[in-house]
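Below are two complexes that have subunit A in common, paired first with subunit B and then with subunit C.
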Partner chain A sequence: MVGVLSVAVNLLMALGMAGGAGLWIDRTGRRSRTRRIIAVVVGAGLGALTWWGITSVDKLETTATGVVVSILASGLIFVAANKLFDLAPDRWAVFTTLVGAACSFTGFAMLWGNRVIDGPVLRTVVATALGAAAGYLLGTVERPGPRLAIGTGAGAALGALAASGMRAVILVFELEQGTFELWPVLPDLRYVPLAILTLAGAGAGLVVRLLRRRETPLLRSLMPGAILGYAVGAWLVPDLGLGTRTDAYVAAIGVGLGIGALVGLKPIPDHNARGQIEGSARAYIFLIPALGFIASTLIIPTLRTLFLSFHDARGQEYVGFVNYRDVFGSPNIFNLEGWAGIFGSKLFWVGAVLILFGMGVSVVLGRQSGYRISFSPGSGGIAALGAMLALFAVFAAMRGTLFNNLWWVVTVTVISTTAGLAIAVLADRSKGESIAKSLIFMPMAISFVGAGVIWRFMYLARDVSKPQTGVINTFWVGLGNLSLSRGPGFWIAVVLSLGLAALMVRLALRAWRVGERGIGAGAAVCALPLVWFAYALWRGVGGFEVRDNGDVVASTIQFAQQAPFNNVWLMLVLIWIQTGFTMVIFSAAIKAVPSELIEAARVDGASESQAFWRVIIPQIAPTIGVVITTLIVLVMKVFDIVKVMTNGNFGTQVIANEMWQRAFTELNFGLGSALAVVLFIAVLPILFLNIRRMQKAAS
Partner chain B sequence: MTTLSSTGGPGLGKRTYAFLRSIPTWVLWILVLLWTIPSLGLLVNSFRTRNAQRASGWWAVVVENWSETLTLENYADILSAGAQGGLWRALLNSLAIALPATVIPIAFAAFAAYAFAWIDFKGREWLFIATVSLLAIPAQMSLIPLLQLYSGGGHLTIPILEKTLTLFPDLDLAGRHVSVWLTHTGFALPFAIFLLHNYISGLPKDIFESAVIDGADHFKIFWRLVIPLSVPVLAAFAIFQFLWTYNDYLIAVTMLGGAGQNFPATARIAALAGEFGQAEHLLTAGAFLSTLLPIIVFFALQRFFVKGILAGSVKG
Partner chain C sequence: MKVRRKHMKVKLVRLLALMAALALVAGACGGDETDTPATPETVVVTSIVTETETVTEVVTETVTEVVTETVEVEMVNPLAGTTVTVFGPESSDAEAGSHQAALDIFAAQNDMTIQYTGERSFSDLINAQAAGGNPPDIAVFPQPGKIADFAREGWILPIPDDVLATMDANIGAAWNAFGNVDGVQYAIPTKADLKSLVWYRPADFAANGYEVPGTWADLKALSQQMIDDGNVPWCVGIESGGATGWAFTDWVEDLTLRYEGADFYDEWVAHTIPFDSPEMNAIWTEILALWNTPGAVYAEGGTISSTFFGDNGRPLVEGDCMMHRQASFFSAFFPDGTAFGPDGVDVFYFPSVTGDRPVLGAGTLVSAFRDAPEVWAVMEYYASPEYADNRQRFQNLSKGGGAVLSGFLSPNLNADLSLYQPLEQSFLDILFTAEVVRFDGSDLMPAAVGAGTFWSEATSAVNGDKTVEEATAAIESSWPSS
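Let's turn to the complex of A and B:
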């Protein structure tokens, strides 16, 4: 049976693939027989490949079959529901008949599925027929009296049918996994709470009616609450299984009677109202599959994670804020102690000086152009670079998972955005633009895990007695050798870097004299590291160390292990991946800027740089905003790279990996949930930003 | 180019200017080179023998005696080796995860996007924004409850009354691919709905009106008009989602847990990367194989992929 089914299913998959390929090949609209034959062959090939792939792995076959069958079944239900509501406007009686049958069938099928009733097949068939008959009568009979009688009669009959078959015996059955006790059904009815709950339900209905000030008939607005109250009182409050069959009759018939009466009291809707029923039902038929999935995989789990974060490791005892206290109290996660170290780091002071210098130049520029302060690419760039360095110093001193995450977010977002923008501008209308862009974009197709492995080989550090095989350490050790050698290579490097520095200084002086102060300052700052490099080369720089006994040996950088900057090496991997993404988006945005705008600016005498900063940047500002928010959310959740490269060791832990370890290796669901909630709160502002943006777009 | 005055400037000499003018192109290609080196190194090393990989860096391939150092053995080994059927099986698992996890959300999202775009109902705008704003919710928020759901079913204990209702039976899904599909589907839907809605709501209104005059209902319009017209955006989303699910590690490793035989390629490579030493030379071949299919898909269908990314982020 399963064999036949899976053959059929796989055939269907092959046909589906053939159809898909056909659609794709046919998309130009030029339909020709050859193309169609190609499509069928390609599709059949793909289908056969899938089939062979799935059947060659045991278990996969039955799983795949089950899932394809359930997808087909849901598709069928979807189509059937659509067809059903097609009937509503013009063929009302047929519609009500089918709805009546479907409702009774579903209800009894649920009882059947939960093994609550005896003789389920016969009872379900009878109930379906009964529902269909009641539906037909309610769809045709117009006088209110008979309608009420039909409704109540059918409801009571269905209730009685269910109650007559309910199991009274406790069922115990043994499976491989253990003994299971099926709960018996008959309710031990108590009439006082039943009456109180029914009245309370009716009262709630009255309150709702008063609040909504609708002119619905009094009885109809009281009944839903009363029925709900009765159902709770009859089935949820009493102990199940200890009652008598009479109790079951009372409980089931009461509910059936109420629902039947509610339906019977409504008159047949006129044509307009039927159209409305059809329209709104249609919206929900189209929405419910997606919304159901979203509710069950996103909304409800989110609420449950919140709930679990206030409970112990097994999710049973309420513990209040203990998990959150553990998160923020742990020195591994949140640690401010190193703050004093910020002021001891050279990086911080270099950054601070650069910020001041950049600001100073900007003020000078501002005087020139009449603003209080004016950032040009040169001066603004210097200040931004300084801010970056200072932030690095801060994050290098403040250790802990939370600060690591912030460091990731700042670094990857800023560098990916600027690099992507820069590459988009550089590539724009240059030779080989598409090839260059493709190559930079390609890492987007590589998994984070794959990228982690790729960079592991870049960062590889081998024992110093052997030749290095990682690209970066090879350079590093080579640099050390160069610096120590004092041979011709050394002199060439020194002269080259000093010469370049001299060039930069010359450019800076010229630009300054011409009035391009920003460029001048930028070039001057560029000259500094070149001079420093020449000096460092002289003093000795790169992969070597001097032992106590005077021996000089090679030394490598352990990129993954040496805290705190190992974090930066991990970030580089994500930057490598994400820059392609930002570049592609910025490239499209820049191409979308109307060329008349740029032309107009040029005519008005704007330089290239002014056209870029004053015209293009403001035009693509919304895109920059979107890119930054997308990146922040993505980087906040960074997991795979850290997991593969260090697994959070050596001071590189991030929240997502911490959460995974607590929850799924230590099975501490409380602490894991609390960490997930911390992550959620961190992206919450972005979520609100997105909502605001969409509301603006909608209006 | 952007940082220089376009006139050449009275102060900066013509030659200097011409030199500076060519800098952007140089910088661009140097960046491209830097960006390509990591992947190139991996690709080259994956064809070198273990000894060659340990003796020198991948760039040495230029000067080596190829008959001694180049080999396909790494690929043969990684595909078959290992207790759980080698990488071959993991690659099949990747496909078995990625294909359904791409198809299922497309179907559901297309229905929903159409309803949000063209069916009038109360609270439409509000519901749409609420749905799409879920885009930013981290997957971590759902992992624990979903794993519990797949491995033990969903139960609701009503407080005070102390009655437990079973909302979702224990189908023992954890460790099977189904659990990964379902999870991917749920996580993909907000983005898919957003992307498809952007496109479908931009279709010209006239065709819908004339279809309604011809007596077509929503269902017919959806199948006969909207789906054929939306093929570009459906393809864009399909490629995006395929790459995403094929490359996913977090959800697969969480939901499949100890069921190593069901691991996709990413999880297998990650496990391999955790074992140091002997297998390191195989890791190159493994990592390359696991990225081969996404890269082919990417280069073949880059146009659609870019379109999808752009529609998803720029229009918002």
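Let's turn to the complex of A and C:
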């Protein structure tokens, strides 16, 4: 049986290929025997290819021929559809005949393909002929009465044709153990919901009509909704497989009747309207390949993920919001318990003091300039730094995958953007700009996985009894030795840091005197850590530890293991990569700022920093927006770095890795999909903003 | 009028063409479903075709000798020309290479092709392949828990009786039980690991006057004595990429078997005893207390949780620590040229608490996804002593040949013991004579626990991020409800 079926399918396919090729080659409309022969040969060749693909046992061959044949066939269908609508303006009757035949053929071919009907060959041929006849009549008969009769008659006949051959159950496939999977077909009609749905559909049509205020006849605006409601009520609501043949007739004929009536009620369009039909159809024909591609690679997977997120681990039973409850109920994913720890952390209070200090300076500055508060680069920067530290304290206390992701987003976005902007500005038109920028851009060329591996080696630690091999721990332990040695190196370091601090203080005083209060405050803040460093060096700083018995041993930092700040060390990797990207974009944007603007500002007496903050920044604001949104989306999806460096252990889990582990390691597709949906929803507003901005820029 | 009619004819041809083109859509829709039931049929057909072809070849070759012809025809191997794909986790050159080589011998004998592919992330990939309907013919599972999952999904096939007979004749019932799901045998054990071992250097012990401990209490006392003497007793590291934490779970399993016995162990694995029971918490606490004693552990990577488990071989050889508890396959992780036995690195049995000497094992098992004679032929080969011996020969050669430890142990009772070094023979002896053998528990549990929270929460506890109670409670709550 299967053999006969595939022979039939293949014959049809070969015919289709030949015909399609003929259509393509004979596009001039002239009769040419050679072209026909070529067409038939091409068609036969394609048919043979299909045949070979289907009968081949080798998976690769089947797949390869399947791909080739599908592409060629899609191309032929595309050409044929274009050709079909060419006919609409001038040869209306031919057009309607073809459309009628094509529609009924497609419908029955689908039933056939899904093995819903018995005697598929005969039924499909009859249906196609019926559709062609109805199409021809509807394309020529002009009186409304007969038109309606033709439409409803043909629709009902097609419905009856389908229902008469409908199988009770479809054999979907035969498992190797000899069991079958069956899909029931015949609907067990329930008339009350059927009527309600039909009426609801009609009601929806009425609402649409009222809203649109179109001058369409009442019946025609009600019918589409009613037909849809009927179809849903007849085929989706009832239990399939339990119904009788009569039920199938009622369900199928009702739908066919409705569609037929809808078509029959329309008068034959005049020439103008036919042209419009051709034009709009053309647009859809050209859109369909792109839409199909997007649907198959983006929309359908998204919907499938959404579907899975409401089902159990195997994607079979509906469980409602259980997966989402698990996401937000798991202490490893969402944990607020540590909130009190925020106020116990030094970091938070340092941040708070910095915020207050920055605000204070801003208020003082504001009084001078007549505003209530005025953020200058220095004062605003201090406040921002304070806010950042306070946020770190918050994220260090609130643990879990979701907070980790937020932490990533805030830190990487802010630092990458700021650092990229600063480098772009400082390097702009300076000596060695290209070399500096190339060096900073270089990490962009390294994959995330590669960067993760590189930084694993940077962060490496060994047992303290051995010489360290990780770069950073080597320095850290070396610093400890330096600090303990009290040798010449120690004194050089102390003098150097104190000297730098003195320079900073001098800069601060100078700036304050000149009136650049903000820079002054910034320099003063920078001086503090330098003094602290000299003091710490004297007290002892770096990788060493004094044991109880007075022995001094080396001590290392476990960058990737010590929670919660191991997260920051992982973020550093992404910052290292992404700063090059932001720098290049900002550099280009800054160079695009018209120099007249800056010169004009200078002529008006603006200082260098005023020119930057008041002229350049507003000019590149859209670029900053784009960079920030791009970064946020990128960081939300961070996966590779965490996977390679910690695999989510030690409190570094992020949503993407959590999703991977739940779905693919533990085979819990429900929970994994729920996490994917959470990530998707979190990214959505930013994507939306980005698209809005792009649309604005375009208009 | 006449012209117009002709034109109509042309259009009619085009109409037919269009319809036929649309048929393609239908064909494409129905294609997949048509293929599936057709496949077994077609397979049979092609194999018959192959046979006839071979027959014709033979006939042309032996035109003159009519008598031989019939004999030749009868001897045509039904497996000739077939291909079988095998997918497994063994990916190092030594393991994957010797696995492939052992299969190649069988393939050459039968004029067929067997392709082994090894991937480190086997556990993730096989899920995707099986769920996506594109599995290999045979998969090499390191986790019986996964075999049970796959069997219940209907993805792997029960082993037919003739293959079963070969398996029962060669492999002990204790090992075969790991491939048995709800009373049906789905898998054949092909490799065994002995986990209850402590690696040490007899020379170090002799120099310090230490004796191999006979009980768990002796071991703890010895550990303390070593600390008092200024030696570091243990090398420990649990880092292992995506599987970080498994080395700790082995300690837990070994001690659970020793303290609570095999019945408790089975119930714990089957989750009739909760993961955060007081007994389990006590065992976790005991291990962490041993490890966290100041001076007890040398961690190559700075801390236990950042030390790669394989990095413990060199420190042991160089004397940074005195003992390392790890499975038999760990011999592959010692530096090249390490001597094994009383003069080099040796092992002692991880001592028992009550004297019942239970053994914790692990290993790999093969299961089939495709029902075809060539697949079952390869499965039967896996159950035979020939596979075990070929594999051991090649694995030994890949390590340099001669008196080296291959890192491979076969569960096959009829394997040729002379192919193994004395140390390996002692491993096999322990494996085959132990009365209580249990498979690595984390490999038996559902993946969400056994390859998920058990590892990750263990890492948290070892790293000090969570208390034992917090960690075991988190594992308990992560156990799948169904």
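Keep this in mind: the second predicted complex is superposed on the first by the 406 of 699 C-alpha atoms of A that agree within 3 Å, B and C clash if a C-alpha of one lies under 4 Å from a C-alpha of the other, contacts with A are read in each partner's own complex, and residues count from 1 in each chain.
By definition in this document, a contact is a pair of C-beta atoms (placed from the backbone, for glycine too) under 8 Å apart; a residue touches a chain by one contact, two chains touch by 3 or more.
It should be emphasised that the depicted structure is a prediction, and the values quoted were computed from it without experimental measurement.
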| item | value |
| --- | --- |
| Partner chain in contact with A:Val464 - subunit B first, subunit C second, else both or neither | second |
| Which of subunit B and subunit C A:Gln558 touches, first, second, both or neither | second |
| Which superposed partner A:Leu219 touches (first subunit B, second subunit C, both, neither) | neither |
| Which of subunit B and subunit C A:Met659 touches, first, second, both or neither | first |
| Partner with the higher number of touched subunit A residues, subunit C or subunit B | B |
| Contacts of A:Ala313 with subunit B and subunit C, given as first, second, both or neither | second |
| Partner chain(s) touched by A:Ala621 [first = subunit B, second = subunit C, both, neither] | neither |
| Partner chain(s) touched by A:Gln695 [first = subunit B, second = subunit C, both, neither] | first |
| Residues of subunit A that lie at the interface with subunit B and also at the interface with subunit C | 23, 54, 57, 66, 83, 466, 643, 647, 664 |
| Subunit C partner contacts - residues on subunit A that touch it in the complex | 2, 5-6, 9, 12-13, 15-20, 22-23, 29, 31, 54-55, 57, 62, 66, 69-70, 73, 76-77, 80, 83-84, 91, 94, 97-98, 101-102, 105-106, 109-110, 112-115, 128, 132, 172-177, 312-313, 331-332, 460-466, 473, 556, 558, 560-561, 563, 643, 647-651, 661-662, 664-668 |
| Subunit C to subunit A touching residues, read off their complex | 8, 10-11, 13-31, 33-43, 46, 123-124, 127-128, 131, 149, 154, 157, 241-242, 244-245, 298-303, 305-306, 315, 320, 371, 446-448, 451-452, 456, 459-460, 463, 465, 474, 480, 482 |
